[in-house]
């Protein structure tokens, strides 16, 4: 049994890597020999956790795939709060702290610090970056 | 309309949304009857490869829209010969009838437009 | 042994090429998959490296599989991840 | 008197070009011989118009500079609605149309279609892209 | 005459280099400003092209101005925009 | 902690936030006592240039934080000799005392870490 943690640093719409990341993550959770410890969104990858992304009907919405992985397979989805806030991804609390009325963080994403990534990578036999 | 714009495609499809968004801009210019030229250079030439089936990556079929350009009266489509050669592509592998030009001729064509927008 | 995730097309300046060990594996993905069109450069790499590409990308991008490159699924990729000691994304 | 239109296709945080764009735009409005017809945000450039971008106190916030150009110099700031929606930038109306409660478009940005850019480029002696 | 906005460092594969006309101007900006460290390549370009760099970038990035390159302000850049017929960003 | 991570810096400062964010990650690893190595290759070596004054571009002074790494007990900092040479930089122009390695030695170093994260 081999354990894997995923770090996503590519944006959802302007790169293809986050699509591959979600497909890869699905393959890990469906594998008998591997365990997915969690997904961590960092850098431009935090844009994957923006709940306000609307995609055209004929294009995949990778954010929906992350949501399903979180809901159906209980994969923890962490997002670095500093990287997210710098790119317009705010939790309700972040928004309220900054006196902003609106917020944008997807409900399936867990806002956290970099310590979570240190723990995820410590727990994993392999780290894969997208 | 009196101004002309060259749209310069420099990126491969899929990896960025630029293929789709450059084409949307070209079609908008066609609709408003602004003169427009479409240039494929560098990795942009990959957008012209035959036999693309974007549905395999759950992505939009941009190549299909490209093939419809003549129906929008957008006929000034140029591709860089050197870029094709450097990427191992021959002209017969392209999905669209385009004018293949040496870099220096393409450079002269490009300089004839008022504006240039790069994708 | 390292599995290198090659996200860019092979060019002389591609950074990854300076940091490969013999027997490292190469997965060509994203823009990297267009490297399949460069048969000469691929042949050189294949002398020291197992080369992989995702089946879906070949089908999506108008590419052809070439000799000596293995087309893989996401499931295969997951297996490769544990077979190699380390993964580096370039 | 020479007229200039600006198109911004680079994101605010992960590229330096939007910083240069705002400085350049300021130089145009302060010039006696040039007129700025407008700024159009397209591609990843639409992220400049996300009102929820929070920047660290010691980093410039380029969004504030766009806001000042709009307010103090009446420079029209257009953003392509399709490109924006795909990247999580929604006007109140866009959000309501998509049954989403939250929205994120900056109040200084004007949501529009690509026809606005065609008009801006038609009006300009020069187009500069960032 | 075209003003080329060079946003990347000079490398052999840099696309812009294939599409320059004699007397076109080159503004090195962003990562492009690191081209100032490549004196040989810059000298070759200077034979046919006026070369510019933003004063602020030199100061910010630990670079030195080199012979034959003109350091300019944003105001200068605006003036250059009308002096050249066209601007292309690479 | 038993796992080790190599942080691979491949991008120039300023143009992306990666310089700052890679350093934040390095410091977090230091804080949680995970073993970490910092590698500068390709355009990443520009982060080490002496005399940077980011305030001229209203940007964060990342180079200052780099110089503080020894105080956080982060001593495994490696830079690629070939990348420096190709970019016209000599070792004396660097703002931090680092180990300059030929590509093959740097490759061997890198392979000794459990995980690699690229910025």
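Per-chain residue numbering starts at 1, and chain names A, B, C, D, E and F are given in the order in which the chains are listed.
Here is the rule we use: a contact is a pair of C-beta atoms (placed from the backbone, for glycine too) under 8 Å apart; a residue touches a chain by one contact, two chains touch by 3 or more.
Values in this document were obtained by computation on a predicted structure and should not be read as measured data.
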*What is the set of chains touching both chain B and chain C?*
A, E
_Let me check something: if the centre of a chain is the mean of its CA atoms, which chain is farthest from chain E?_
A
*What whole-number Å value describes the gap between the mean CA coordinates of chain B and chain D?*
25
*What is the distance, in whole Å, between the centres of chain C and chain D, each centre taken as the mean of its C-alpha atoms?*
39
*Please compute the C-alpha centroid of chain C, do the same for chain F, then give the distance between them in whole Å.*
26
*Hey, how far is the Cα centre of chain C from the one of chain E, in Å?*
35
*Of all the residues in chain F, which ones touch at least 2 other chains?*
14-15, 17-18, 57, 59, 114-116, 118
*Residues within chain A bordering two or more other chains*: 13-16, 43, 56, 82, 86, 126-127, 129
*Which chain E residues sit where two or more other chains touch them?*
30, 86-87, 89
_Interchain contacts, given as pairs of chains that touch_ = A-B, A-C, A-D, A-F, B-C, B-D, B-E, C-E, C-F, D-E, D-F, E-F
*asked:* Under the stated contact criterion, what part of chain D meets chain F in this complex?
replied: 13-16, 19, 56, 58-60
*Name, in rising order, each residue of chain F that touches chain C in their complex.*
8, 10, 41-42, 80, 82-83, 103, 106-108, 110-111, 113-116, 118
*Sites on chain E touched by chain F in the complex*: 9, 30-31, 34, 37-39, 56-57, 59-63
*Under the touch definition given earlier, write down the residues of chain D that touch chain B in their complex.*
7, 9, 42-43, 82-83, 86, 113-115, 117-119, 121-122, 124, 126-127, 129
_Residue ranges of chain C touching chain E (in the complex, touch as defined)_ = 11-13
